[in-house]
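Lettered A, B, C and D in written order, each chain numbered from 1.
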Amino acid sequence: MKGIMKSLAVTMSTFMRRPVTRNYPTVHRELPERDRAFPLLLWDQDIDEPFCTGCHACERACPVECMTVLMKDNPNHEAQGGTSKRRKIVDEFWIDYGRCMRCNICVEVCNFEAIAMNNTWRGHEMSVYDRADLVMDLPQLMSQSKAKEIDEWVAD
Amino acid sequence: MSDGIFGIENTWLDALIRVQLIVGLMTVVVMGLIYIERKVLARFQQRLGPTRTGPAGLLQSLADALKLVGKEDLRPRNADPWTFELAPYLVFVPVFLGFVVVPFVAGWQVRVVELGLIYFVAVSSLSIIGWIMAGWGSDNRYAMIGGMRAAAQGISYELPLVLALISVAMVADSYDLNQIVAGQSKYPNIVWQPLVVVVFTIAGLAELNRTPFDIPVGESEVVGGPFVEYSGIRWSFFFLAEYAALFILSLIFAAVFLGGWAWPLGEDWGRGWQLVLVSVKAGSFMFLVFWVRVSVPRLRIDQLMSFSWKILLPLMLVQILINGAVLVYHGSLWILTLAGLVGIAVLVKLVGHAVSQPRSKVVVAAPAEGKAAS
Amino acid sequence: MVTEAAPEFETQDLLINVGPQHPSTHGVFRMVLEVDGEVVKGLVPYIGYLHRGAEKLCENNDFRQGVGYMDRTEHLAAHNAELSYVMAVEALAELEVPARAQWIRMILCELNRLSSHFMFFGAFGIDVGVFGTPFIYAWRERETLIDLFEEISGDRMMYAYFRAGGLAWEVPANFKERVREVLKSSRQGVKDFDGLLTENEIFIARTKNVGSISAADAIEIGMSGSSLRASGVDMDIRKTEPYLFYDQVEFDVPLGKNGDVFDRYYVRLQEMEQSMRIIEQCLERLEDGPIMPEKMPRMLRLPEGQEVYIRTEAPRGEYGVYLVSKGGNKPWRLKVRSACLSNLQALKQMSIGQYVADAIIILGSIDIVLSEVDR
Amino acid sequence: MTTDDTAQGGDEAEAAVAEPVDALEDTIWPSVNRALSAVDVRPERGALDLIVHVPRANVVRALRMLKQDDELQFNYLRSLTAVDNEADGVDVVYHLYSIPKNLNVTVKAMLPPDDKVLGTATTVWQAANWLERETAEMFGVRFTGHPDPRTLLMPEDMTDTFPLLKSHPFAEIELLQGELLGHDRNEGDRE
């Protein structure tokens, strides 16, 4: 019976300890800065346009091919009297969050630092009823960064 | 004791009101018990338990009840209709019948029955039939195995339970629960019969199908046992029966062994104090059951059987023999206490012996010499 | 007077289908038990429910993209899976991995062994019958470990953190304090499990001499890891063929004696203490430095016609990666040697003649992870 | 061992076939050669272990010799798989390990693409049972004498297509992300 008494002692000792439950929906745990929810595009606040120039680097590097990018000439370019130095700008950009495996390779290959991993809770709370709604188009991808909700972390 | 409750003369009406009182009390207590168990088990596991429904989760049992009532009451296509439908009643009703003899407080007893203890044992063994019917009726292999296991366990642990109650009745020399409790005003029966208390707890756990004896309903093996095919209100009957049985067993334990409402100056401090006494004693038995449920693994069916037949039963027979000898020759009751303590030591040694094959001493190997030559 | 023989009642064995949805098959695993009463007479395992063709997919992805798939082939110890794959690529490309990266890899692999073994104890405790307590203890410890992994790589279970040549990025600044903090709580977790189960008479009665397998049979069937060492075979790849810096840290290899369920449980419990010992030593040896070799080619191409079979000691046994390359940046053939697949082959031999309840425990004691079995 | 201290000796081995036999002195080739003297085998230096090519006919005999040879004692079959080399057939690869001696060797048998049949190794190690079933269903190799030739991971009736062959195509992605937009979703109501 000694062993059974020992087991009872262990459970009694945990009876005395403070519960470790995190009340998720009511209390949102503070996410580490490196948290990788889903990739999203970053907004260049001072020239008021996305960093992304639509160069397809991430689209080619993606293992699961969950991105589609279209490029166009930048109307806001200096040659046409605009303020931006980017000659090309992203026209259309879709990421299928249903296929993305969050491996962070797109962030590593992007040489304009235009894409980063969403490290906010909104990036995690993405449940939808229809799989097609998981395909994020350009406005959706840029919405959080445009609203300055993202301080992105990108490995140096 | 006034012959009718609230002074009603017509016995039929009086009996009906008492039964209604019991049913009302029971459903409230069982709902509360489910909630308390979930909270206590959670605390044992450093969790919070139900917190979402109502303040601190108090409405959890109500929510469960509403959900179960709302659920569709399924029956497998080729299940045997009658046995499947009637099984829950045969499990649920005997437990309620047991409440007739339970001595809550001095005056409050549904009916003072001369052979109260025998009546309780007889009634509580009826529910085994219900388990077998549920197992056989629902045409599911897991349920079948669960049902057979429930029958084997129920019967083989009925005997130590009965013998335990008989040996206590010998000491208190009466079967009427009221007398048994009244006789304990100076010394509770646990003093005279320590071994019987241990055996009663073990057999009680087995009757309730509680860990370490929850073999018929072991989720990891038979996925819920006999009531795997049940759903909705029918399933909740099984669930309520389990908690009602726990409640009645803890009340009987408090009454028979810890002196019920009598022991520390129960008579002269009036009903309020008696109520406190009974609830503390019953509560401590229930807390012990929850505590064991959280910390002890489940026995295998053959170990369970051999434990009852080879260890509990012989011990109980010897105990009754000693009781008889001491009581017939009017020896002092303290010999019984001594015999009981020796019995417990023997029980512990037997369990230790049954388990103590030489445990493999783990040899820590010296690091392998040389690196891999490919 | 010849009494006519009693009619021979032909008893029929019961076929019980355990899984693929069953509380204790640890994933989508199905076995059909042929049961006579309570005794198991036959057992036919069915696997393949979780087969995603990881090996075929890896043939279509280059060496950086493949790391993500390797996590998915071993979801409880993704670091160990990535390690084998990455070491295979480095062996073929003859990349020189800096010391700091190797120490960090060792620490993360051992931490992942802890979290994987905690998962084993949690699930095994429920199989044996304790109502949920081991599982919640396991989850309490795993949560602290997984929070640490999230702070380092950003993901809870699918890290994709190792890269051919080193690590994807630097560990956070407070890495050492965080690891020591997590170790403190893991030590408490191991103490809880030891107290709760190891000496419990009912646990011993349930697991002693159940489903035992001899050393010769275990070797014959190709078992590996704790299940093999529980039968007394001294084979731990960290000792016999040391990789990373395992030859520069001292630790012991616990062995069982009669290869039953209790030994498999107890060997894993002691392995956790050894892992913590290793992590302590690694933390002292960890010093600053680069985590990637300087001259890393932008697009990693492997030499023509080379092949290598790298094996490392994952929590469940030998996790091997057999990489064949015919030049280019994609592997020609990538075979993942799964420890659980070989360990599972012994299930039938261990379970015949035991009770139904024991067959469930024996399955639990092998600690299978279906994503590794089915790849 | 770490990849930097190469235990293979100084000279860099050039193409496998033309390798002078004595260059493999430091590996276990001499003892393997002695053990397999009855079989004509061709050694090759692998990145980590020694590779021995054995003709298809007497692979099982060679494996049994390696297992029973008391100086080598390869009593542990690490892994068994196949490599599809398209034109020049399928290589069946056996990775062996000797627990007492702590030695490793890789045995390879080359099968012509049209006649992929080979003796079963389950008579030598039981470990080969499931590994051969998986190789059979993935590469179409038929192991004669296998005790239980059912499929392992594939569904029972899928015995005609062999996924891991190079000829088996990768499935196309059903819908490129852009086309999903055909799903009529008016802009701007997303927020």
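In this text, a residue touches a chain if its C-beta (ideal position, glycine included) is under 8 Å from a C-beta of that chain, and two chains touch if they have at least 3 such contacts.
This one's a predicted model, so the numbers in the text were calculated from it and none came from an experiment.
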- Query: Compared with subunit B, which chain's mean CA position is the farthest off?
  - Reply: D
- Note on the structure: Contact tally winner between B-C and C-D is B-C
- Any idea how many Å lie between the Cα centroids of subunit B and subunit C? 41
- Task: State, to the nearest whole Å, the distance from the C-alpha centre of subunit B to the C-alpha centre of subunit D.
- Result: 60
- Query: Roughly how far is subunit C from subunit D, going centre to centre by Cα mean, in whole Å?
  - Reply: 22
- Message: Rounded to a whole Å, what is the gap between the Cα centroids of subunit A and subunit B?
- Response: 54
- Where subunit A touches two or more other chains at once, by residue number: 1-2, 4, 7, 10-11, 14, 20
- Item | In subunit B, residues with contacts to at least two other chains | 44-47, 294-296, 351-352, 368, 371-372
- Item | Touching two or more other chains - residues of subunit C | 133, 137, 140, 196-197, 200-204, 240-242, 247
- Item | subunit A contact footprint on subunit C (complex, rising order) | 61, 64-69, 72, 133, 137, 140, 143, 147, 150-155, 158, 160, 168-170, 172, 192, 195-204
- Note on the structure: The answer for subunit C against subunit B in the complex is residues 14-17, 22-24, 35, 38, 125-133, 136-137, 140, 196-197, 200-206, 208-209, 232, 234, 239-242, 247, 250, 252-258, 262-263, 266-267, 270, 355-358, 360
- Task: Under the touch definition given earlier, write down the residues of subunit B that touch subunit C in their complex.
- Result: 41, 44-47, 141-142, 144-145, 211-212, 214-215, 218-223, 293-303, 351-352, 354-355, 357, 359-365, 367-368, 371-372
- Query: Once bound in the complex, which stretches of subunit C touch subunit D?
  - Reply: 47-48, 51, 53, 55-56, 60, 87, 90-92, 94-97, 102, 219-222, 233, 235, 240-245, 247, 305-311, 318, 320, 322, 324, 332-333, 335, 337, 341-342, 344-345, 374-375
- Item | Touch list for subunit A against partner subunit C, complex | 1-4, 6-7, 9-11, 14, 20, 32, 34-36, 61-63, 101-105, 108, 117, 119, 153, 155-156
